[in-house]
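Each of the two complexes below includes chain A, the first together with chain B, the second together with chain C.
Entry: the complex of A and B
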C-alpha cells in the first residue's frame, strides 16, 4: 500500500467516522469533534493529492460495492491537484467550523453529520475511475451540499428559495452529465476510464462533440459558468459561511475538473478526435463569465453574493486558460498549451486559497453583526481586527495586483494568450486578443470590487448599531482564517514552490513537456520569452513603499504640525450617513456599463401636505437584475407555470371526469390496437 | 461637441485688456503666497448680489484667473477666504471653523458693504455682526455690491500680479 492510497483511505475513513461522530456525540462536543476530524480528513486528502501530483498513482477496485458496474477509484496526477485543493480547503474550514457552528446554532445532528459527508464526497469525485463511480460521488456531493445550503431555512425564507434553485439546477446538470457519459460508455467496452480512453479514438466527431457539450453543460453549471450560473449567487450567500467556503473554494473546482477530465483525458482533447470549436466554446464562455461575474460583483452590495459572483468570475478565468490550452493543443503548439493549463491550474489553487479566506472572514463579520449588506457594515476594524486583516489579505490576493496571489496566475494566463497570437490560425487570431482584453478588464474590475468590499465593509465608521457593537470571533474561527491567510501569503510570495509540480501536471495533461522552469525564485517560461520573480517584486514594492512613506514623513516633520479640526463643511459633526456607501461607490461603474447591466432605479419624492415646495421624504431604490436570468430563465419558468395552469384544468377534482378519462383512454387504446393490427 | 468647438472658435477671446497693476498695499500674509492664491468663497449671509459680482469677476470678461487666483471647493485647499454678506447667527460658527480649516499663511477678504460694516442689515435680530467681528479681516472691498473690477483689483493685490 503506497502513500497515496494510505492517505486517501485515511481521508475517507476519518470523513465517514466523523459523520458518525456528528450523529452520536453529545451536543456540547459535537462541533469540536466534527471540526477536528474534518480537518484531519482534509489533511490526509491534501497529503494524498500532493503525493499523487508528484507521480505516485494508485487504483482500487471494489466490485461488490455497487451492483453491475462496481466501484473503481484511480488516483492520478490531474485528480491529485483537485484532491489537494479540496483537502487544503477542508483543513481550514474544519477548524473554522468549530466556532462558527457553535456561534450560529448549526450544531444540530443533521448539519454536523452531513458536513463531513460533503467533504468526503468532494474528495472522492476527482479519484473516481469509472462512469458509475463518478456519477455516484457527484450525486452524493450534490445532495449533501443541498442539505447544507438549506441548513438555515427556518430563519430566512430566501434560503428555501435558494435551495430550490440549487436543487433543480444541480440535478439538471447531473442529467446532462449522465446523458453525456452514458453515450460515451455505450460506445466503450465498459464504463471504466481506461475503456473510455480506448473508445475515444473510434467516436465520430458528432458523437464526440455531443459528449463534450452534454458533459460541459453539466460540469459548467457546477462551475457557475454563464449562463448556467443562476444558482450560484443565490446558494452561496444563503448557505452557512463554512459551507459557502467549501462550495466556492472546492466544489465549483470539480466542474472544471470534469471539463478537463472529459475533454483532455477521456476524449483526448489534443488528439485528432477533438475539434477546435470545443475549446473555442469553453474559452468564450469563460471570458463571458469572467466579465459578467465581476461586473455583477462590482455593483453588488450583499457581501456574500458579491463573493459568489466573484467565484463565477474566477472560474471564468480558469476556463479561459483551459480553453486556450485546448486551442493551442489542437493547433499543435504544445508548450503554450502547457503554459495556459498551468496558469489555469495555478489560478484554481489561488482561488481556493483566497476564496476560503474571504468567505471565512465574511462569515465571521456576518456572524458578529447579523448584517450582510455592505451599506450596513463598516467600522469593523476596531471591534474585529483579526477578521478585518484576514479580509484585507484575501481582497489583496483576489485583486490580481502584485503582491497578491492571483497576480501570478493571471500573469501566466496573459503570457500564454499574448504569445498565442502569431502561432495559431484565424480563429485564434481573432479570439486571443479579445481574451487578453477580457482578462485585463476583469482584473481591473476585480480591484474596484475588492476595494469596495474591504473599504466599505470593514473600514471607515460603522453604518449600523450592530456593526458598532461587533466583537471578534472565537479563536477557532481565527485559526481557520489564519491557515487560509498563510496559504494566500505563501502562494503570493513563493509560487515557485508549487509551480514545478503544477507545471508538470499541466504539461502531462495536454501531452507537452514541462512549460515552466523554476530558477531559484524566478519563474521562466519555456518556449516563449518571459520571466517573473514574485518574491523580488514584492520586496521591491515594499522597499519602494517604505521609502515613499519615509520621504513623506521627513517632509512633514520639517514644518511645524498644527492640530486642526477634521473638516466637516463647517456644520459637523461627521456621521456615518455622510460616508461613501457601496451603492455610491459602484455608481460610476454602473453608469459606464449601463448597456449591460440595465439597473432599475426609482426616486419617490413625497411632498409636505401644506406646500408642494417642501419635501417630506425622498426614497431612492436601485435594483440591478441579473439580465441573463431575466432573459433566459424567466420565459422558461413562465412557460412552465402556464403549462401547469393549463394542465390543472384537466383535473377539476370530479371523480366522474377521472373515470371518464380512464374509459376513453382504454377505448382509444383498443381502437389503436384494432387499427394497427 | 463639434458645435461647442465651433462656438469657441467663433467667439474668440473676450477678456478685456488687463488694467494697470493696483497700487494699494497688500496684506503681509499675501506676500508669502508667491503670486498664486487659491480662494475659498464663504457666503455668511449675503443677499447674493456680491456672489453675482464674484461670478462676473471670475468670468471670461474680467478673467481674474489670469492673475494667478483660483476659486477652490474646500478651505483645506485654500490660501484665502472671500467672505460675503453679514455674518448671521447660523453662519457664525461655520465661518469660524472654515477660517480654522485654512492652512497658514492665510488671508481673509471681506467683500461688499455688509461684510465690512453690516450695511443695511446693521442691528437686525439675526445678525451677529460684520465679518471683522468674527474672524480677522485683512482686506476689504467696498460697494453694494462691489463692481467686478473692484474684486479683481483686490485679488490682484493678493497675488501681486
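Entry: the complex of A and C
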C-alpha cells in the first residue's frame, strides 16, 4: 500500500468515524471531537493529494459496494490537486468549527454528524474512477451540503428559501451530469474512466459536444457560473460560516474539476480540432461570470452574500484560464495551454486559501455582532483585532494586488492571454483582447469591492450598538483563521514552492511539458518571455517601507503625537450616522453600471398635515435585483406556477373522476401497446 | 547584477525623490504665470515639505494603524517603482519585478492604502474621497491593462526593460497606429491616476469636487508631508513611464559615466516637458462632473481596444 492510498484511507476512515462521533459523543465534547477529527481527516487528504500530485497513483476496486457497476476509485495527479485543496480547507475549517458551532448552537447531533460526511464526500469526488462512483459521491456531497445549508432554518425564514433554491438547482445539475455521463457510458464498454477514454475517439462530434454541454451545465452550476449561479448567493450567506467556507473554497472547485476531467481527460481523444467552440463557450461564460459576479459583489451590502458573489467571480476567472487552455490546446499551442491551465489551477488554490480566510473572519464578525449587513458593521478593529487582521489579509489576497496571493495567479493568466494573440487564429484574436479586458475590469472592481468590505465593515466607527460591543472570538476560531492566513501568506510569498508541481500537473493535463520554470525565487515562463519574482517584489517593498520610515524618523520632529478631534467643521462631535456606509460607498459604481444593474429605488416623502412645504418623514429604499435571475428564472417559475394552478382544475376532489382518470390512462396505454406492436 | 544597473537604481531613486517636488513646483509656477499670477516659486513644494516635517504629528481620535501606515505604504510603492522602472537604464538588477503589471499593481496598492485610510477616519469626507477614488480605480484598471496589452503584443513581453529595448532597436514601432492609440489611452489613464484636471482638481478643497484631497483631509505634519511627496512622486513616475515607453531614446545602454549623465539629463528633460504640457493643458480645462469621468475613461478604454485590434491586424 503506497502513501497515497494509506493517506486516502485514513482521510475517509477518520471522516466516517467522526460522523459516528458526532452521533455518539455527549454534547459538551461533540464540537471538539468532530472538529479535531475533521482536521485530521483533512490533513490526511492533503497528504494524499500532494503525494498524488508528485506522481504517485493508486486504484481501488470495490465490486460489491454498489450493485451492478461496483465502486472504483483512482487517484491521479489532476484529482490530487483537488484532493489537496479540499484537505487543506478542511484542516482550517475543522478547528474553526469547534468554537463557531459552540457559539452558534450548532452542536446538535445532526449537524455534527453530517459535517464530516460532507468533507468525506468532497474528498471522494475527485478520486472517483467510474461514472457510477462519481455520481454516487456527487449526490452524497449535494445531500450533505444541503442538510448543512438548512441547519439554521428555524431561526430565519431566508434559510429555508435558500435551501429550496439550492436543492432544486443542485439536483437539476445532477440530472444534467447524469444525462451527459450516461450518453457517454452508453458508447463505451462500461462506465469506468479508462473505458470512457478509449471510447472517446469513436464519438461523433455531435455526441461529444452533447456530452460536453450536458456535463458542463451540471458542473458549471456547481461552480456557480452565470447564468446557473442563482443558488450560490443565497446558499452561501445562509449556511453556517464554517459550511460556507467549505462550500465556497472546496465544493465549487469540484465543478471546475468536472469540466477539466470531462473536457481534457475523458473526451481528450475526441477533442482534436473540432472542439474549439466548447472552450470558447467555457471562456465566454467564465468572463461573463467574472464580471457579473464582481459587479454584484461591488454594490452588495450583505457581507457573506458579497463573498458568495466573489466566488462566482473567481470561478469565472478560473474558467477563463481553463477555456483559454482548451483553445490553445486545440490549436496546437501546447506550452501556452499548459501556462493557462497552470494559472487556472494556481488561482483555484489561491482562491481556496483566501476564501476560507474571508468566510471564517466574516463568520467571526457575524458571530460577535449578529449583523451581516455592512451598513451596520464597522469599528471592529477595537474589539476584534485578530479577526480584523485576518479579514484585511484575505481582502488583500482577493483584490489581486501585490503582495497578495491572487496577484501571482492573475499575472500568469494575463500572460497566457497576452501571448496567445500572435499565434492563434481569428477567433482567438477577437476573444483574447476581450478576455484581457474582462479580467482587467474584474481586477479593478475587485479592488473597489474589497476596499469597501474591509474599510466599511471593519474600520472607521461602529454603526450599530452590537458592532460597538463586539468581542474577539474564541481561540479555536482564531487558530482556524491563523492556519488559513498562513496559507495565504505562503502562497503569496513563495508560490515558487507549489508552482513546479502545479505546473507539471497542468502540463500533463493538456499534454504539454512543464510550462513554468522556477529559477530560485523567480517564476519564468517557458516558450514565451516573462518572469516575475513575488518574493523579490515583497522584499523590495519591505525595503522601501523601511527606508521611508528611516527617512521620516531622521527628518521629522521627535515630539510625541498629539491626539486630536477629527475635523467636524466646528459642529460638535461626528456621529456614526454621518459616516459613509457600504451603500453610499458603492453608489457611484452603481450609477456607472446602471445599465447592467438596474437598481430599483423609490423615495416616499410624507408632508406635514398643515403645509406641503414641510416634510415630516422621508423614506428611501434601494434594491438591486439579480437581473439574470429576474429575466431567466422568474418567467420559468411563473410559468410553472401557472401550470400548477391549471392542473389543479383537474383535481376537484371527486373520487369518481380520479377512478375515471385511472381507467382512461390504462386504456390509453393498452391501445398504445397494441398500435406500436 | 551589473554596475550600470546598480548605479541606475540609485540615480533613479535620487532623481525621483529630489526632483519630483520641483516638478510639482514647476507646474504650479507655470500655471500661475499663465493665469497672470506671480506664483510661489519652483522650490515652494520643498519648503512646504520641510515645514510639515517639523510640525508635531497629530493622531486623530479613533483612527487605527491603517491610517498611520498608509502614507508609508504610499511612499514605499512609489520608491519601488522608481527603482525598478527603466528611467535612466533598462538594465535593472530587479528585472523580475520590472513587469508592467507588477508596477501598475504596486501603484494601485498605494492608492488602496490611502482609500482605506480615508474610510478609517470615519468622517464623511474620508468616505466620500475613498468611494470616488475606488470608482475611478475600478474603471482605470481595465484601460491601463488593455493599453499594456497593446504595447506588449509587438514585443512579446510585458517586461518594462524588454519593451524599452525593443523600441530602441526598432524606432519605427513608435509611429505605428498601435503605439499612438495606446499612448492616447495611457495619457487619459495617467491623468486619472495622478488626480489631475479634468478628473480631479489637485488644488481644490470644495467637497463637491474633491477626490484625493478628501481622503487626506485628516493628515497633518510629517504624515501629510509623506502624502504630498508621494503624490509628486507618482506624477513623476507615471510621466517617466509614459516618456520612456514611447520615446526611450537617451536611456543608458552601457555604463560609461558620460552616457549615464546624458541619460539622466534626457530623462529630466522629457519629464519636465511632459509636466509643462500637462500644466499648460490644465489652464484651459475645467473639472469634469464626477459622473462624466466614466465616459472619458470608457473612451480611452475603446482606444486601448482599438490599439489591440490594430496590433493584430497590422502584425
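Miscellaneous remarks
One rule holds for everything that comes next: the second predicted complex is superposed on the first by the 634 of 677 C-alpha atoms of A that agree within 3 Å, B and C clash if a C-alpha of one lies under 4 Å from a C-alpha of the other, contacts with A are read in each partner's own complex, and residues count from 1 in each chain.
Here is the rule we use: a residue touches a chain if its C-beta (ideal position, glycine included) is under 8 Å from a C-beta of that chain, and two chains touch if they have at least 3 such contacts.
Small disclaimer: the values here were computed from a predicted structure and weren't measured.
Once the two complexes are laid over each other on the shared chain, residue contacts for A:564 go to chain B and to chain C alike. When the shared chain is aligned, chain B comes close enough to touch A:572, but chain C does not.
In the superposed pair of complexes, A:23 makes contact with neither chain B nor chain C. In the superposition on chain A, A:640 makes contact with neither chain B nor chain C.
Counted by residues of chain A touched, the larger count belongs to C, out of chain B and chain C. Across the superposed pair, chain B and chain C both touch chain A at residues 562, 564-565, 567-568. Per the touch definition, chain C reaches chain A in the complex via residues 53-62, 64, 66, 72-73, 75-77, 79-80, 83-84, 94-97, 99, 101-102, 105-106, 108-109, 112, 115-116, 119-128, 130-132, 134-135, 137-146, 149, 152-153, 156-159, 162, 217-218, 221-222, 225-226, 290-291, 294, 301, 305, 308-309, 311-312, 315. For chain A in complex with chain B, the residues that touch the partner chain are 562, 564-565, 567-572. Contact residues of chain B toward chain A in the complex are 74-76, 93-95, 97-98, 100-101, 103-104. Residue ranges of chain A in contact with chain C, taken from their complex: 298, 378-379, 381, 392, 399-402, 407, 411, 414-415, 418-419, 421-422, 429, 433, 436-437, 439-441, 443-445, 447-448, 451-452, 454-456, 459-461, 522, 528-533, 536-537, 540-541, 544-545, 547-549, 552, 555-557, 559-568, 574, 576, 578-580, 584-589, 591-592.
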